[in-house]
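Once you've had a glance at the structure underneath, I'll fire off some questions.
In this document, chain identifiers A, B, C and D correspond to the written order of the chains, with residue numbering beginning at 1 in each.
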Amino acid sequence: MVQEVVTMEGHLIDSDILRKAFGRVVEEGGQFEVLEFNVGKRNEDPSFVRLEISAPTPEILDRISEGLNYLGASSMVGDARFAPAEQDGILPDEFYSTTNFDTFVRVDGKRQSALDQKMDAALVVRGGAPRCVKQAQVKKGEQVLLRGPGVRVKPPERSRGATVFGFMSNDISAETNKGIVIAGIARAMREAREAREKIVLVAGPAIVHSGGDLALARLVKAGWIDVILTGNAFATHDLEKSILKTSLGVCQLSGRAVEGGNRNHLFAINAVNRAGGIGGAVDSGLVTSGVMYEAVKKGVKLVLAGSIRDDGPLKDVITDTVAAQKAYVEALQGAGLCMMLASALHSIAVGNLLPARVRTVCVDMSESVPVKLSNRGTMQAIGLVTDVGFFLERLEAELG
Amino acid sequence: MVQEVVTMEGHLIDSDILRKAFGRVVEEGGQFEVLEFNVGKRNEDPSFVRLEISAPTPEILDRISEGLNYLGASSMVGDARFAPAEQDGILPDEFYSTTNFDTFVRVDGKRQSALDQKMDAALVVRGGAPRCVKQAQVKKGEQVLLRGPGVRVKPPERSRGATVFGFMSNDISAETNKGIVIAGIARAMREAREAREKIVLVAGPAIVHSGGDLALARLVKAGWIDVILTGNAFATHDLEKSILKTSLGVCQLSGRAVEGGNRNHLFAINAVNRAGGIGGAVDSGLVTSGVMYEAVKKGVKLVLAGSIRDDGPLKDVITDTVAAQKAYVEALQGAGLCMMLASALHSIAVGNLLPARVRTVCVDMSESVPVKLSNRGTMQAIGLVTDVGFFLERLEAELG
Amino acid sequence: MVQEVVTMEGHLIDSDILRKAFGRVVEEGGQFEVLEFNVGKRNEDPSFVRLEISAPTPEILDRISEGLNYLGASSMVGDARFAPAEQDGILPDEFYSTTNFDTFVRVDGKRQSALDQKMDAALVVRGGAPRCVKQAQVKKGEQVLLRGPGVRVKPPERSRGATVFGFMSNDISAETNKGIVIAGIARAMREAREAREKIVLVAGPAIVHSGGDLALARLVKAGWIDVILTGNAFATHDLEKSILKTSLGVCQLSGRAVEGGNRNHLFAINAVNRAGGIGGAVDSGLVTSGVMYEAVKKGVKLVLAGSIRDDGPLKDVITDTVAAQKAYVEALQGAGLCMMLASALHSIAVGNLLPARVRTVCVDMSESVPVKLSNRGTMQAIGLVTDVGFFLERLEAELG
Amino acid sequence: MVQEVVTMEGHLIDSDILRKAFGRVVEEGGQFEVLEFNVGKRNEDPSFVRLEISAPTPEILDRISEGLNYLGASSMVGDARFAPAEQDGILPDEFYSTTNFDTFVRVDGKRQSALDQKMDAALVVRGGAPRCVKQAQVKKGEQVLLRGPGVRVKPPERSRGATVFGFMSNDISAETNKGIVIAGIARAMREAREAREKIVLVAGPAIVHSGGDLALARLVKAGWIDVILTGNAFATHDLEKSILKTSLGVCQLSGRAVEGGNRNHLFAINAVNRAGGIGGAVDSGLVTSGVMYEAVKKGVKLVLAGSIRDDGPLKDVITDTVAAQKAYVEALQGAGLCMMLASALHSIAVGNLLPARVRTVCVDMSESVPVKLSNRGTMQAIGLVTDVGFFLERLEAELG
């Protein structure tokens, strides 16, 4: 049996950290003894625990120790260790892989906050500070943090104060009273406005199919959205609706697409690209309404990421996925609230790039999208299973 | 090789009958030759086809023949054959099993329409006429139609005239423009009103969870609903909301149920049962709002069928499922339009009892409910995948 | 501000009780102060907490107090209070509504365990002991437990020992490695065998559709199943397959049902009922294979509950849902493990009747069934999203 | 009223073309008269129809005419019209947008087959022949086919001969007997082998999660797969499993991912990229098993398309989505059968690039993926709702 003592601090109960830590020890085949535990006396007080971990082999102890580290545990007495990247995009094998939790690195006895926090990145020293950098963008020779001592994460704490974001996370249901949740989201949007945090929208084409684009365009016009992260499809559907006035590709009786209707999609792309892209299409008067129109008029930051299933694409689309990822990262700077609407692909992509501290809501007709998002680590996301058109109309009413 | 000649008549193309007939012959291992085919010249004209079917064995020919019969084919020259039920609920083995299509039986050279058309029933001579009777309700000695000659069905014809019900059926998608479809349903409701056909509502508890009960109560009050077929859960949720004013079982922050919250459900049942049931609860002033309240006030026909997962149940619930099925059948007399909202169990149950000619819409958050409904034979149902609360609010706006 | 002191004991961290308790206080508008907290030192040790709850009004304090009580908190110094049932099936308004957690009632200063633990029942003194009785079955004048002092629940504790049931609960995903989970279930079945606990199967018709009936019949024959709780549909599909040898109602090319195919369903019911029911059909040689056959041969307890969507039904079906619920309850006595396979209706029904301490797994193709089950309070159920045919074949291989 | 006469030829009934044509006329507000109709006498004979279409305005007639054209109707007496592309990627506004049906263009009185058939492309004269070219790849000055006369499509005909692909399409259900369908797919694979057509696999990561990778690797080794179209995630999961031997990122008790487990994913990418990519990783002995390993050993064509949600990515990934689309197109040359397994993104992408004549099966745990695929025009795809691991094991057994 080998032993190690670790400590954890924070809202260990409310944030479900202690339970996960206990579970991890046992799952990996170890045992624990609680040496000390001071629970926060009141809602706002942090707790503190000192655990002795025992394991049958050093390998298992290491694995437990690393697991607890990802939950915020610290055994760190020493400084963090670094090694240089072998080549561009090639890390030393012992690299530390980040979470989306706020992370601290001990360098020369001093604790430094990691910048650009996001999950599944390397931690690289750039400009004198530790920074989360996606694997592919690490340069040869840059100092890469190794796993082991000197690194600590701070899992997001569910505030004991009462907000919809504190209680809902991970509890996905199609049967909640959505009005209450949408009211809570509207409150959070107002708070983000006051705190001068950015409100980010991740948008999928079902927004247009469901007719929610009208409410969304008004929300954009009213200044509620700072950043739109999406792909070619949503933008094109929205532009097509403005350019062709009537939605020719849809049967007016059944509301469904008809054979040959996709020509309108290509037509819209062609017309917008001829005008030089979305901005040009707005300036030239080709596009006079819709979400894209309002976004351009309002100066909303718009990033379109390419996908292999795209038609066209629009000139504005960043077809290189690594470049698109970078552009998303940049646009997410300063985000305080993120609404992911009806797009599995872009929602998961953005979840990968967001610090866990950003309040996040994922709206989809299917339980499987928020479930996947949470399984992939974006555990802060509230899942709201509903029609996105309905969501947007209600949200507008709440904010109006 | 054995042969047989059959004829079919009607909107064989529009109603997709001829394609299914061709498919059935080939699937079963036979071949066909089209001896004669007159296609309807214009939208409203019927077509006529005479087919020669060949099969390697008489058994296969019989199977094909029976299959085509279910699609409306007729080889009938002779009269229908009957045999007496052996005991109460026990049919002769050669019994004919009904579809939900209009059915005609040739007796003494004369064609008679089957009454009480519904699927998966026996056809029994009662009061001198052929009548669809569920197996369990056939009495010993009653004359039961046998499969073979003298019976013909008429599949529902999708009118070439343009209505949402003609085109949408079987095409289920979460991505249609629901506004168009809902507008079409509102039109059909107005037509049903004018034709003095009943409008039937099949209701599930998600109507209350989603907040759609408010719009529904107004629709009931405005006289849009003639019959409500549901179970214990929907009625209780609705009554609980009226009795306890605030929904105590739901957290006002998260919109989710809380531990112990189900007590309110039991409390409502207890209070209503003490008052003698739903009618008594309305009369005594215990219940003063909601769908049940408006239904009682308006004299809407209300049938509550029991289920093994019920709490309580309410006194109004028919706990015997065979008796409940009978009560549903009776309430469905004269139905012209059926809306199935957020209830898999009751929707499938009602689909089993409805003639295919009744326009039917199935609204659910999950594609799987309308898919199941269609797979079980209620092929006339339009599937609308959306939030039922949204559906009801929109429907009210369209009808208002 | 009003105050109250409550205590809780058990695996408060592992079982996620303390977090829920803190959450409940804050959600309802109260505050708490931790007066004392002793955390269990090792895996197997219980924890203890003493909390002071403050609330702005006595009503809120009562609500918090009742909520905490449902989480196992106790402020009980006094004895439980009782009042007589007003009429058959009518409770006093202050009745206590049960959970599925083990419950203790203090009577004359002594703690008594509630019998027949199940959720959403009244607690009635029968035969000198407190017993969970469904509302409808309470008799006039029986002493009914009231909410308030003298009652305590013990939430199921997730053992820190390592089993698949300890960790998986509430974590539903279509993307787990199902082999590992199925192996864990097989282990739990062996343990249940050794502990002489009953293994209960809740079965839906998709078992037959998916072809899993073959593996299931072998499992029944091998003695792995003690009780089968199902409805008319599963039994009939299984019997039809045995009686008609080939599945005539299914196209052998496409695997799908064909028009008229449902006749086989009715034929099977008719033949079995003529033989006097399932037992008679086996005895007479009509049914010679399948799950029902093996169940009869093995003396497996079989309960068929009626539903309004049933054809027939089979003579064995209990058509009264209240009677069926009673029969389910009786059959569940002594259950140690419950497998719910592909049946939303019966799974939720059984969940309503099971103590939370029974290890439960819910297998379905759709995430929505285990999600609903958990939302309705059967939180102990592991959700496994997979093809039930595949599940059964794997399970058989693991047990073989 | 304006009129036009069109003709259609082929399996107009079996392939459901005539029904769609009638529907389209009426939906758009027109009327039709059947001037002549010769139905195919036997299974293998084509039918012929001559329709007179009437419409209230020339615009509506044009729209109907174009709609019918997409269903294979021809009014073509004249030659096709062309106009030059204005710039690279900018088409003349009247461009013809392709379907995935075989397409013929009349040039100088002669009918020419379009090459590289795929949907939503322009038809451009290249190398003297009409060729389907995605919008973005049309070069300035190339002659682009305009809509109007001289173009005709041939919708895929569902063979009246009996195969699983003929009957299943568009009929998606979780409740079919999958064994029958999988046997049919195995037959089609054998036929493709004999016809020397390529078998294409579109692969998603759930193949690995579900444990189906073992069966798939054996299928690849046995030579059943010619082309694998996938993305970074599937390849990495497969490589990770080979490199790290045990799946360290997954809890061995629960089968679920654990905190920090994603490091293994990044580690695998890092190690493979250091070795120069997948081929290098196999050559160097780093990767010694799995689907990627067998694919390299067998010389299977492997194309990895980038997505914005990728980690890494692997060096083999084509990060530019337009380039990746081109590479997919190239790899699809000669495809006779396409299996889309558990990947919504890549399945829809490939559906966009496949001629409708390629037999296609889409396997997913959720009905929504095959529904989407069909709604987006890949109507030939059979939807099979099941666990992909189960599918692969069964398929291997059928082929073994």
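Points to keep in mind about this one:
As a convention for this text, contacts are C-beta pairs under 8 Å (C-beta built on N, C-alpha and C of every residue); 3 or more make two chains touch, one makes a residue touch a chain.
This structure is a prediction, so every number in the text was calculated from the model and none was measured.
Between the interfaces B-D and C-D, more contacting C-beta pairs are found at C-D. Ranked by how far their CA centres sit from the centre of chain B, the chains are topped by A.
Averaged Cα coordinates give chain C a centre that lies 44 Å from the centre of chain D.
Averaged Cα coordinates give chain B a centre that lies 31 Å from the centre of chain C.
Here the CA centre of chain B is 37 Å from the CA centre of chain D. The multi-chain contact residues of chain C, meaning those touching 2 or more other chains, are 27, 162, 167, 173-175, 251, 253-254, 366, 368, 375. Taken as a contact graph, the chains are fully connected, with every chain touching every other chain. Only residues 20, 24, 27, 63, 66-67, 69-71, 86-87, 89-91, 93, 95, 97, 99, 119-120, 122, 134-136, 147, 248, 251, 253-254, 257-260, 262-263, 265-267, 269-271, 273-274, 305-313, 319-325, 328, 344-346, 348-349, 352, 366, 368, 375, 377 of chain A touch chain D when the two sit together in their complex. Residues 13-14, 16, 18-19, 22-23, 26-27, 29, 31-34, 37, 39-43, 49, 160-162, 167, 172-175, 367-368, 371-372, 375 of chain C are the ones touching chain A in the complex. Partner chain B is touched in their complex by these residues of chain A: 162-164, 167-168, 171, 173-181, 184, 206, 209-211, 247, 250-256, 365-366, 385-387, 389-390.
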